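By letter and in written order, the chains are A, B, C and D; residue numbering begins at 1 in each of them.
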């Protein structure tokens, strides 16, 4: 219907788009998607550097600009190639992989990145705890060294995919005697061991998208530590930045996202329209379109090598808009907005806003300003890191963790 | 047109309304407004306890409920009596008088209250300083004892009526060596002396409603100190509470106040209406009417002896609504909203929102969330005193004032 | 109990305004009533019980309703003593509604003791009021819960069979009403029917041809159901303007008391959140010591003070008209209509905002099924649609306050 | 200067979308232009000079305008090199507008170099463009400043005298246009006139019968005036659809560049306020260390990022159409119309909010005449009305994005 007016900028890299397309064609000539075994195909694609083209050679990439990735993806798609089901491994692809790439050892990259990309190993994230949400650095899960292993005890929460995951990104306290940011260490935990218990965590929508994870003498070889002992805070910040960009930054066409079904209902149901709701819809439609443009601008900045802090803005706006639009949508629905699809406790494979009713979207969207960094924490980050406003007086940064009030 | 639905509750006091009416009638029989000299009439009214009936006997009152005051005022008005021009002495009547009554000595009450009420002595308030706005307790104006006098030096700002005032409520620092709240003392300053220089302070509206006041070796007899040496903070808090109630709490009929001219323009100019503006007007009209009801409820609480903290809420809402309504009104005016009455520097006798153009109201209303306690400070007060939320960590309460960073 | 003006004293100087005089404060009777209702609800309907009930296919709490009826006379609060009720006022009913909102109680107070009761009072149907007064039977007005009182003319069920045979006669009703509140437990169903003339009809739930289809509702503490009538025997209660006034009276009173419920809900959300942020520590500080949180809660408190004034004003205005000798002939007047529109629009927005802040400021825990925050959100959202949205009530104000829309 | 698509590279995979392809970032040319304009304005138009000018009865800064014209080619930026202009794009014009908004500059850039220029370009009036290119003469479109481009059909001045004698002929014009921006310094007045057919006419300010009445304006950095024409000699520039397209082009381009100005103003307000709260101490802390202040400024910064994307998108869309070979025949298309409506509605709200936060967070000092905060507020408010309010532009979007109003 409407056409979005802006394309992302042209990338600059060692290989041109044409070169890359030629490589894919050559690969496909040697690996017919119709006859090659699915996993074998994915392994070969990884080995050919055509998995994530901006990764280094030898690790599934060609070391070229990430903006060329769509060239490869479109060509593979057009040829009917099997996919790595990225929707099933969002944390693996979106957070674990960049963290491993940035902070892992050469051996870890070799060991983990390939089965991660192929989808053979799903990853999850064990960060938040009941007592450590916004204040992640205050977490209490302990990891104690025992020979070549670490022994882990504690409770984690808000873990999506934990029941399907082979491995987890874990931050644990290895030294309670130093200030809290200094006593953390980052690990990759094998989820298939007796010390790991996963329980579904039911949420406002009625379903359980997340889990609680109880760790009781769970063991991690020291070889699976990511970064140095005591460097867990720095490593986890790298992970969280990727999370925020991935939550707020999806590329959509005009009227994509949450506004789509509100606009559709508006057009299809003239009997629901009121002047007051019209004004609200126009404001929301405008804000959603402008947020989309801001997202395009953000990705252009990233592509041009000007990584700005606008990612935090994008997530703030995304959360607010999802909430306001879904709130509007339920009100627009009127009598139908008083109903709900199903309260049955289920375990979905991820949040899908768009396939369900407005009531679901309304409830689920409330999580958007909490998960992946609350809006309050993002405002702190913007205020301090972008605007350079002074930190508040702090009482928790110079005291050993064990002596903090809880 | 529309009738407001709620009356304030019936007062309970020693005298009934009928008793009071009889007293006024008796007074008027003895003092014919048509033939009695204006000041003589006011003096006699004060002496008869019919000035502010809730004040004690001997100080212009009868010690009865303040809710009976309208009975007296209406009867005097109906008889064509001279008034004390309360609009010219708002700070005197609204702040100085209650402060003197609450904290002054018997001698001060005798000396100051009568000329204050009759309007012979206008009062102003010397609180804020360029470096001490929200943080009033951090003020720097110094008062040093010299025999029976205090000698004052410093600069005050945002002083209305200073150029007309005979006396000022003044807070000054008498001891810089103790923490800031403890080193303040409260005085009544004689404005007619060489050490007091008043300069108009021009504001956003173009006019100068306020003044800067420069104090250079100004002198105050110790007899004019209100409260003990070092008690200035407590005394000034009593004054400020009266200010906030008086700013936020005026009794108006339905569609009184700022909404009146917006609604009138809406009704008289169908050509200016749009659906979007209609929605805004309905929201503002609703909020204004509800704020009016909340004001009535507040006064009912006060009359029933349940003085609640809702006064701060009233001022917050009043400021927000004045700003939003006047902003709306300028937009509604459209092309006419782009004009302004007059930028000439003038010195009005007080803010009159209603007699001027929407542009004036729009600009003047921006001061409502700053003057008499910023909205931010009021939110702090509500959060801490009403909701009992913890104070923030403070760095300025235990240190001698002279050692604070500035 | 005595009527409003007797309690509130002489309005004094302005006799012209005495009809609408009244206090916006809570009187002693109301404070005592509140204590009784609150301790009963704390005892009989704590959050874990509400949560368990939300998961059952039929989520009304009949036992709780009978206890409220017996213990505080909730069922017959607005029914005159001559009909076996408590003879209370809307000021007291509002306090009950506030407490029910606070506690997320799943009882048909709004549908039976407010809406059906006000409709029957306006229709002068004393015998039916007497049936409702004790709470053994409950009633409902068969209109979609989203309907605003201003839509009263459009809320009719079709007649398929013959017309009523005599002025107080019976007839057969066929049709469907979708998403009715408090209809699941109701025995007495009051149906606005489109006979000529328009009429209000009584259908007993046990009659042959009555079907109730429970619905999975956003707010399972006020579970909606579809009502199906298939040639059901119906008795005429009122016709023409009287019937229309009765339906309007029920819906207007319902909207006013729903505003009170929203006020109670908002207050509870604020209390709960203030307590939580005092307890919860992050960064070795109470979360409630962070200024951004403090300011948001201060703003929410301010909003609640506004909602309280509006809700009290509406209760007051309803009480005045309801107590008038000519209520049956006059229904609720313009003052009450303005007051309810102000209250429902204000309280809808404030309750929703309070529930949203509650979820956000509780962080993750408020998003879990185990915590009540999400149920406050669901009820606040459903209440904001029920009996007319804020938007619909503001549109009413445009008419009532002479603020015509563009083009008019 | 080269046109947009040459600078922005190959859009690559999606040739269908190439007409509207473009970057939302600032290119090197624009960054250089910005530096030049900013240092010139810092030097020639500091706040004390602006404040002094605001108090004079005629507040345009002619000298500054000539300096901008000579120094950075501002007057002819959007005029092709063949007519003596700089041949720049709307991307560059937007940067100039941003800087003028930041500095509260009192020059007729918007009226002459944007609105009149775009109208004359659409009308194909090369000789008049050549007259404006150097900045010695300025032009204005004689419409009230509050007019949105969608109202273009209603903005006509009455003819009293005889009709035009020939297609390019002259006639006599009588009437008044109220509150025109940038008309005070204008020599070339472009008047939409209601002859049959509708036409765009040129009036020279020096002609007999032309009256300019300066107005006391809310924003004295863009002082409005009333234009009176009393049998004034007027020359026809264009008629019928061409004239209508020319007026619409001027107003749409004006709204898009006013959005850029609003962006610059908002950015300046944010910068100024952030600096102030870092310096100002109360309670022995920097005011900017209080979390409530930090969060509000963070939210404002977020709003500015949104405004920036919208404003850049509008500049882009205008640039694409303006550079097209068929601009004279086609004017601005639907993409540009949507983009401008998005930008003007968003930037109007953000600039006003930024100015309001600036006043509030400066406390008392921001309310004084001496401090620039109030002038940012006045300009933000006037700009939010100028060339169509946010509300008016959202109404346009209802049409452009197929979101019909109630009842349609």
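Of note:
Keep in mind that, in the parts below, a residue touches a chain if its C-beta (ideal position, glycine included) is under 8 Å from a C-beta of that chain, and two chains touch if they have at least 3 such contacts.
Fair warning: this is a prediction, and the values are worked out from it, not measured in the lab.
The most distant chain from subunit D is C, comparing centres defined as mean Cα coordinates. Taking B-D and A-D together, the pair of chains sharing more C-beta contacts is A-D. With centres set at the average Cα position, the gap from subunit A to subunit B is 54 Å. With centres taken as mean Cα positions, subunit D sits 53 Å from subunit C.
Note: centroid distance subunit B to subunit D, computed from Cα atoms, is 43 Å. Look at where the CA atoms of subunit A average out and do the same for subunit D: the two points lie 41 Å apart. Residues of subunit A found to touch two or more other chains are 274-279, 282, 376, 379, 392-393, 395.
In subunit C, the positions touching at least two other chains are 285, 290-295, 394-395, 405. Subunit B makes touch with subunit A in their complex at residues 275-276, 278-279, 282, 392-393, 395. Across the complex, subunit B meets subunit C through its residues 1-7, 9-10, 17, 70-71, 74, 255, 263, 266-267, 270, 273-275, 277-279, 281-283, 285-287, 289-291, 293-294, 296-297, 300-301, 304, 306, 310, 313, 316-317, 376, 378-380, 382-384, 386-393.
Subunit C meets subunit B in the complex at residues 8-14, 17, 20-25, 274, 277-278, 285-286, 288-291, 293-295, 297-299, 301-302, 305-310, 312-313, 316-317, 335, 338-339, 342, 345-346, 394-395, 397-398, 401-408. If you check the complex, the residues on subunit C that touch subunit A are 54-55, 144-146, 178-179, 215-220, 224, 281-285, 290, 292-293, 352, 356, 359-360, 363-365, 367-370, 373-374, 377-378, 381-382, 384-386, 389, 391-392, 394-395, 405. If you check the complex, the residues on subunit C that touch subunit D are 290-295.
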